[in-house]
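Submitted below is the structure of interest, expressed as structure tokens.
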Amino acid sequence: MTGLATKKSWSPDILIDDGAELTIAANQKGKRYTEKIIGACEETTTGVTRLRAMEKEGRLRFPVISVNDALTKFLFDSRYGTGQSALEGIMRATNLLLAGRSVVVAGFGWVGRGVALRAKGMGSRVIVTEVDPVRALEALMEGFDVMPTGNTSIITTAHMSLMKDKAILCNVGHYDVEVSVKDLEKIAVKRRKVRPEVTEYRLKSGRRLYLLSEGRLVNLAAADGHPAEVMDMSFAGQALSAEYLLRQGSKLESKLIRVPEELDLQIARWRLEAFGKRIDSLTKGQQKYARSWQL
Amino acid sequence: MTGLATKKSWSPDILIDDGAELTIAANQKGKRYTEKIIGACEETTTGVTRLRAMEKEGRLRFPVISVNDALTKFLFDSRYGTGQSALEGIMRATNLLLAGRSVVVAGFGWVGRGVALRAKGMGSRVIVTEVDPVRALEALMEGFDVMPTGNTSIITTAHMSLMKDKAILCNVGHYDVEVSVKDLEKIAVKRRKVRPEVTEYRLKSGRRLYLLSEGRLVNLAAADGHPAEVMDMSFAGQALSAEYLLRQGSKLESKLIRVPEELDLQIARWRLEAFGKRIDSLTKGQQKYARSWQL
Amino acid sequence: MTGLATKKSWSPDILIDDGAELTIAANQKGKRYTEKIIGACEETTTGVTRLRAMEKEGRLRFPVISVNDALTKFLFDSRYGTGQSALEGIMRATNLLLAGRSVVVAGFGWVGRGVALRAKGMGSRVIVTEVDPVRALEALMEGFDVMPTGNTSIITTAHMSLMKDKAILCNVGHYDVEVSVKDLEKIAVKRRKVRPEVTEYRLKSGRRLYLLSEGRLVNLAAADGHPAEVMDMSFAGQALSAEYLLRQGSKLESKLIRVPEELDLQIARWRLEAFGKRIDSLTKGQQKYARSWQL
Amino acid sequence: MTGLATKKSWSPDILIDDGAELTIAANQKGKRYTEKIIGACEETTTGVTRLRAMEKEGRLRFPVISVNDALTKFLFDSRYGTGQSALEGIMRATNLLLAGRSVVVAGFGWVGRGVALRAKGMGSRVIVTEVDPVRALEALMEGFDVMPTGNTSIITTAHMSLMKDKAILCNVGHYDVEVSVKDLEKIAVKRRKVRPEVTEYRLKSGRRLYLLSEGRLVNLAAADGHPAEVMDMSFAGQALSAEYLLRQGSKLESKLIRVPEELDLQIARWRLEAFGKRIDSLTKGQQKYARSWQL
């Protein structure tokens, strides 16, 4: 994804990116390299964040479609994709029964909602920690318990020293930063691998904490990541966005733009069809109302 | 709520409205009646829609806070409030067992989500009909079935003539228009009241359809409407908005404005406290991130 | 149900009883009154318990079918019937939101399972108290929390003095004995009716406890009792048992006997049909296996 | 487990068996081999069935405790153990999303209940097939759909030829007999392995069926079998039964006997303790009531 063809003999028309490395590199190289580029599509939150900063500074030289912000991506990928794969990762890593366990989910965003929903579905009791009172109230109304942690950044020494013996720690958020492995190493008196994806840390108090997959994303490290259907949807977003750039790119400003709603709806329609499900369609007049899905 | 004091000796400073009748009347009366009005707070979707039209025409003479659009209103009122009270209404009206029944929910907006969630919780199998493929896909991922109806406006003759014997019809959406009672009257050969809130319509085919509460909102007609806690939240939105108008009204434009986020969060915090729940709070630096709750 | 015809001109052949008052009275009156009685059918646990005592003493003069012990009664009536109607009773009595609340269910028998299941379905978090460790473990595996109360008989002063302000007390077990109203009266400094089915007891500490329906069965007192379909199943048990007595009564011993399995299965088949559901049937050879449903 | 020491110098006192091979062999060898054997403990349904036949023929020479019939085994092992591990096996084998899928569960015994419960928890819609109307009705009341298959023995040609394109077949019941692989081989025109545990069978019609783990138990073949805690409970049953034999064996008849209730309750108590949960205990007088857990 890094490295950009420099010879006139070969150069890309459209960039399909995941992390924005390529898109940023192209923009930095200057006009000579970007004049033939119609546009780019970016898959990730991180990438979009970086490109947005670039856009603000007026340094974006071609349009970029933020595939990450498609409804058919974030409503499904984070919630149902991570929800399932995180649970599978925990089961594979530990071979423990989820029923009857208490699961603490830090944050009730889309990932947190998915993990909480599926953990409940496997018979766990779920406690949600949040800083946003609206989200916390939603969690409560969905039947989860809500508690404070006293510290909102990441799982640190402060939390670890209060955990019960044999508590299991894992991360399904960002790359190995949500559980502070450094803190765990610091307070542990002994460390040993007890299963391929499980490391036991023994504390001075004699209590043992188990870290899954060295704090890396447990759904990627201990399972196979998102189920295929979820990736299908994200990739469909990339493909349709690329086609859209090809057709409409010349009319687009050099800005970050959302996936056109019609493409988003098209992906959802195909996904429903693949499930063998049909839905009603609206008359033209009714379509305006349907678009206001958010409320 | 209608009728506006006309004597100088008494006139309102702030209007707290539900349906916008009063607010519209005041605006129509002209400047003399509105110059002392700091602003209004409107509770309902219908009211907000009417006021938005008025705003577009430049005829709004004072600021109006759209209490209806507070997160602490629409995320809770429609979903959990109607979800529970609609089910209670159906149980009270029919004295039937919900477990084992098929429940068809037309539309997967906030009300539809609430009703589907609680019907599932009572042991029913839920089928969702939708025109929006994204919402339909969400319904499917939550474990509901999804089917087309062939007609998206309201429940009409077309649907009724396909319904199973003893199907029950009820409305928890808008005032008596979602189930076409006129159509039901037209195709029925006999009608009789079988319980206080249940009317039996016998069709030519011999099949019987049961209409609850004459097609009016079943949670209001057959039960007590929203639970108290849900009304508390909406009324807190009104009260805080009124106070906000009092303090800040003079600086506000004569437009529809959202409930300030801080008030919205405050209501959620109080509701959590009333449930005996505490959550974490953020440092100033972290607060910016928390605000982007939608994603 | 009490009072027994004494004149020769009229006397019953079969008793259909609910509480065993009539059956016990008949047996006590002596042979002259019972010689024409083919048998009785008893609906309730209480009745069956009393008749079993009578049977042990050799004082039962005719066969009694324990309708109460039919699978189609206790698996459905207590679990799904009470589960739904108890929740409905609480909603009607209080008009409070169940979502987000903690519900403590004392005992995880059939009634407790039903109430816990439906409370969870309405968005409550459920805590089960039990004395039987196997049942407690089942509760935990179903996703409920499990806690001790320190006192296993009924809800007494010991529990009440620890309850949170505004705790709500209700009974869906036996007639007004599971919550000790006497204890509540004793420790309260003030009592007032706040809604038709809600009495507030103010304690010395200032805390308030709310008793529903004066401690009587909340599904009967504040709602309409079991849904119609559940009563159908119990009454079908009575009717088929009466018919069975008529056909086979002369061959039966004067003992308590179970509802013949074939009748029990027949009731379930009819109930499924009424729901519009068909199932597979077994060959004769396969039937033996199917009968061992318990494991 | 096979092979029996024949030298006087070494011989077992107690047999801990899984499948009854050893126990049957010992009994068949004759008195000389069994006179020192205090008794045996048998883990499985299959083993118990074979031993029961032996008992009927009067050929059992020492007491055998049926560990399989302990409440702490069959209520947990089949339901929650298989429920979780079967789902994990399917996820690992296929990497597909369970949310939004229809899952057909053949039979609503303990295994079927567990699988249905957990599939629902992962967002699937569940259809149960049953021959027992009482069980079918329970399934319906739990919110599952119920349908007939037209054939009750196993999944055969009759079913396969009606299945949708891309249907997935798997077995969590008995060793490779519940899905007739022979039938699948017969009607397929092409077979290929598409993932390590997934075989695609292409039918003449062009439709494709996917068989997991060659029809063997998917929780063992594609995942790690029962979670550790579930095995703990079964092994605790073996260990306590062995100890019981040591203490009481001389007084026991040469029959199949149930795990003494007190041991069963003890296992549940320990399991609760390991979960950090305490429950109430009864007075001696109250214990009699608690024992009647079944109703």
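Per-chain numbering from 1; labels A, B, C and D assigned in written order.
Operating definition for what follows: contacts are C-beta pairs under 8 Å (C-beta built on N, C-alpha and C of every residue); 3 or more make two chains touch, one makes a residue touch a chain.
All of these numbers come straight from a predicted model, not from anything done at the bench.
Enquirer: Residue numbers at the subunit C-subunit D interface: does the shared fraction exceed half, giving same, or fall under half, giving different?
Expert: The interface is built from the same residue numbers on each side, given that over half of them are used by both copies.
Enquirer: If you average the CA coordinates per chain, which chain's centre is most distant from that of subunit D?
Expert: Of all chains, B has its centre farthest from that of subunit D.
Enquirer: Between subunit C and subunit D, what is the gap in Å from one C-alpha centre to the other?
Expert: Each chain's C-alpha centroid was found; their separation is 32 Å.
Enquirer: Averaging over Cα atoms per chain, report the distance between subunit B and subunit C in Å.
Expert: Taking the average C-alpha coordinate of subunit B and of subunit C, the gap between them is 38 Å.
Enquirer: For subunit C, which residues are shared contacts with two or more other chains?
Expert: 80, 99-100, 120, 123, 137, 140-141, 275
Enquirer: For subunit D, which residues count as touching subunit A in their complex?
Expert: 80-81, 83-84, 87-88, 91-92, 95-101, 117-118, 120-123, 164, 223-224, 227-230, 275-276
Enquirer: Show me the residue ranges of subunit C that touch subunit A in the complex, using the header's touch definition.
Expert: It is residues 99-100, 120, 123-125, 137, 140-145 of subunit C that touch subunit A.
Enquirer: Once bound in the complex, which stretches of subunit C touch subunit D?
Expert: Of all residues in subunit C, those touching subunit D are 69, 71-72, 74-76, 79-80, 109-110, 129-138, 140-141, 146-153, 264-265, 268-269, 271-272, 275, 277-283, 286, 290, 293, 295.
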